[in-house]
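Both of the next two complexes hold chain A, though its partner changes from chain B to chain C.
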Partner chain A sequence: MKNIATIALVTLREAARRKILWTALLAGALLLGIFAIALRLQVVEFQSRAMSPFVRYQVEAGMLMIGLYTCDLLAVVLTILTSIDTLAGEISSGTIQAIATKPISRSQLLMGKFIGFVGMIVVYVVITFNATIAVAYSVTGVLPEHPLHGLLLIIFECIIALSLTFMFGTWFSTLTNGVIVLGLQAVAFMGGWLEQVSGFSQSGHIVTLGIVSSLINPSESLWRRAAYEMQTPLAGSLSFSPFANVSIPSSTAVIYAGVYLCVVLGIAIYHFDARDL
Partner chain B sequence: MPPARSVCRSGWREVGGSIAPEFGVAMASGNRPKRWQPLAIVVTVIVLGLALTAPGRDLWQRFFSSLRIEKPKPVSVTIPGFSGNASTRRLQDAIGGMLADTTNVTLDEKDQPAATPEEASQLAGFAVQLPGKRTDAATLIVTGARTVAMTVNLAQLQTIYREAGNPSASLPPSLNDAKVAIRTAKAVQAKYGHCPVPVANTLQGQIQGPPPPSTDNGDCVVLTETPPVTADIPPGLDMQQLAAIGLELAGMSPNQRQAFQAIFNWQSAMAMPLPRFMRSYDSVTVNGAPGMLLNTAGRRGPTYELIWKQGAIAYSLVGYGSAADALPIASSMTETRKQP
Partner chain C sequence: MSPSSEYAIETHNLRKVFGSHVAVRGLSLSVPRGEIFGFLGPNGAGKSTSIKMLLGLVHPTSGDSFVLGAASGDVEIRRRIGFLPEDFRFYDWLTATELVQLHGRLSGMTNEKLRKRVPEVIELVGLSQHEDRRVKGFSKGMLQRIGLAQAIVHEPDIVFLDEPTSGLDPMGRLMVRDILRAERDRGATVFLNSHLLSEIEVTCDRVAFIKNGEVVETRDLNAVVADEVRVVVDAHNVSQQAVAGLVRWAERIDVDRERLRFSIRSRDVLPDIMRHLVASGADIFGVAQERVSLEQTFVTIMGEDTSL
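== the complex of A and B ==
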């Protein structure tokens, strides 16, 4: 455990040295600024109309969900881009040979790096997620339902993406790793939105296709579950927001994502342990 | 002497990458058994077994179903409207969505055409009135009765009250899982003139909505006569307040909603087709009864809706021509047959 903790701390220090977290937070702050301006403009627009406060609440809650979705997308992309070369890059450059020395085993090395990245992601998601909610609350007074559930599911989604970059990083070069994981993310993204579209077309086949996509990469389905947890009940039942749940991932889908994470991480450890460096 | 593979791995661990490349390659990849191969064979056999056999496919199906929460059944099965489903929404659909996660349509009768007003009165069970000012023949349809049953979700209802700005509303705990049934009686619809063709119930139709009315539709008038809904409501559930939320959701401003509720109670409001868009309204009197003339704001759909209540029956007169025609037409309503 001590070895894992050491590597995790080194990874966090490395992330801080390379200013990864800071630049990501800067990007997040820029997004939050735009989000705050958009919300403010919306509030001013609403004040000029004789609109029911109740309907206004629903629209503003929908805008909060869009803000949280952007925060989620940014976190996943950040996870992938910052971690794609942690194994693949160090293997191809030979740096790994200086790190993977006694008494640290390869599995400890991988787990240490993984936990280090998880720590960084948790810090990032907690800051941006809460900042998005704080901005929305200060401008509109709207709060999401079950924010803790949503936060945990978004962190879980990022960890799934992280495990994929680690697994493919033990096989492929940095660039190939990035292409594969971003490609898988695109598959999940498309599958998730196809399921949403199925609400209009009432197509069971599209739902099946979406489910298959979420089996290949369950990250997007975790977001949709998070959106289901966080949206207002009325937005959910009357399909107000673009994330109104037409096809809602169940608890089994979340458990599947957990099993998926364990399997992917297990394969990553196995292959990293077995491969030539 | 330990096995070759152990030597290789421990050697690597000892020197941390200083192992000679040729030694590492020969020992690590040349002699190491490919442990993933049996696993891949087992996985392939399992996948083929699941895909090619009936029990396997059934298992897949159940697994797929378990990955998603069961979809709530939509309340709206048929929504009689001005000229098609897309131009109106019923208040009871909104209220059903607020009260419960899942609703069940336990009765959904088919619409029936009627050749004469007398036949329409007979089928509907109340005396139909038609405007004497329209001398052309009406197309009469008796819309079927419908019953919707639902189970109250108290937590959801509390959140909705909170969002509606009424967090202190008193909702007794006994409301949770209480049963609600809403019964809509048969109604009569009379169409006059050249009305737009109803929008097809297709994906494209739902997205695009009804086409903009042409000048040919200027003489189209649709009169709907609806008895109030009857309902089984548990004690402590304020339907008038829920109707207020639903009306504002349907697009009314708070002022419009108050004026509307001053005339129509929730039983009448839930039976009525309501316009999706509204620009303004006027309070009017139709044959001595209070009513509202709603000027609709949609580019698509009708130009006005006149609603009023006489006795127990709620009337809705929808037109595609000038709103100035509404009151004269409504004032010329005459009863065609006494209630059987």
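== the complex of A and C ==
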């Protein structure tokens, strides 16, 4: 356990000393600034005309969801970009050799790195998620319905993406790993939209296709579940968007994502242990 | 196969195949404890793959190997192993001190020990002035030095060094030589893979010559110096009969015009050889001794195999 903690801490320290985390935080701050301005403009516009408080609340809650969706996307991209190189790059450069010959098993080494990245993701998501809510609340007074559920689901979504970069990182080079995992994110994104479309078109085939996509990569379904948890029921039904309540992933989908994570991590550990370094 | 306590490393028919390429054909090796052991061979002979198998980085296709009595790859025994990989690379965002601390911590050192030992070992490799600098700005030579520091920080019982002097200037090489001798004097075994024959010659106690993934010969370098003496005799009128008679004392006899070269196992036989040559009518103008360099030995051994 001590060695896992050592590797996790060094991974966290690596994230703090490299520019990417700070760049991502800066990008988050920039988007938050734009978000705050947009919200403010919206509020001023609402004040200039007679607007029903109910409609006003629904629109502002919808805008909060846009902010949180941006926060979610940034977190997933940060997760993938920071972690694609950690195993793949260290294996190809030979950096891992000096560490893998220490009294630490390969599964401990992998889990230490994984936990370190999870720590970084949690810090990033907690900061950007809460900052988004704080900005929205200070400008509009609107709060999400179940913010803790939403926060945990977004973190979970990032962890799914992280597990994929770790698994493919034990097989492929950094670049190939990145292409595969970003491709899988695209599959998940498409799956989410297909399920939304199916809610309108009632096409069984599209539903099946959407479900299969979500089974291949369940990360997007976690976002849709998070959106469902955080928004007002009416706001969810107002629009055709990545946070509409047309097709809500069930609790089974969340459980499936948990099983998926365990399987992917298991494969990553098995293959990392079996391969030559 | 069960390991012997006499040896720090034992391998038996260790074999590694990558696809259709046989990297190590059947490595059988015994490295006595407390020696500096050189591992020599031409490029592609399978030296690095062999080291990686000994350390558990590469899984052997077949065969057995033991390090300090434990099967290669055993996690716990690694507390007693140090390793400097070829082209040492590490997290370059760490400072020199942090890097050595991390390796020491992973090897099981306590914070108290780290506080004392890390500055010591950084000074030993001549990087005290750079201890708080990030490794990112280090030259190749400095990386080799910090790599060596991380390999010995926990005072291991065996140290594997893969080309430790590449990138080092002459002073750096001298430093590495002194450190390796100090490690041996402390009781550690040093397994040195180097392409620098002169480096191996002056540093190692024993050397294994590896070719095509097999050990073709192991030599005690101290014994080579003491026992095998190459002699050059300046002589006229040396008959064929006189040359033939030399085989009683000498081997690898070459005659080149008026110069006679041969190898003997002991200087004690030289007077008998001289008497034999004079008695057979040769006029002797000079006798000189030349040591067989490791380079010559290397060429001789590698040349014996016609597949080279």
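As a convention for this text, the second predicted complex is superposed on the first by the 270 of 277 C-alpha atoms of A that agree within 3 Å, B and C clash if a C-alpha of one lies under 4 Å from a C-alpha of the other, contacts with A are read in each partner's own complex, and residues count from 1 in each chain.
As a working rule, contacts are C-beta pairs under 8 Å (C-beta built on N, C-alpha and C of every residue); 3 or more make two chains touch, one makes a residue touch a chain.
Keep in mind it's a predicted model, so treat the numbers as computed, not measured.
Contacts of A:N3 after superposition: chain C is touched, whereas chain B is not reached. Contacts of A:T101 after superposition: both chain B and chain C are touched.
By the touch criterion defined above, A:N177 reaches neither chain B nor chain C. In the superposition on chain A, the chain among chain B and chain C reaching more residues of chain A is B.
Contacts of A:A274 after superposition: both chain B and chain C are touched.
Of the two partner chains placed by superposition, only chain C is touched by A:S93; chain B is not. Within the superposed three-chain model, A:R18 lies in touch with chain C and out of touch with chain B [touch as defined at top]. When the two complexes are superposed on chain A, the residues of chain A that touch both chain B and chain C are 94, 97-98, 100-102, 105, 274, 276-277. Chain B contributes residues 12-14, 16-18, 24-25, 28-29, 32, 35, 64, 66-69, 71-72, 94, 97-98, 101, 153, 155-156, 159-160, 163-165, 203, 206-207, 245, 248-249, 252-255, 257 to its touches with chain A in the complex. Residues 50-55, 57-58, 61, 94, 96-98, 100-102, 105, 145, 200-201, 207-208, 211, 214-215, 221, 228, 232-234, 237-238, 245-250, 252-253, 256, 274, 276-277 of chain A touch chain B in their complex.
Those residues of chain A lying in contact with chain C across their complex are 3, 6-7, 10, 14, 17-18, 93-95, 97-105, 274, 276-277.
Residues of chain C touching chain A in their complex: 52, 55-59, 75-79, 81, 83-91, 93-94, 102-103, 105-108, 147, 150.
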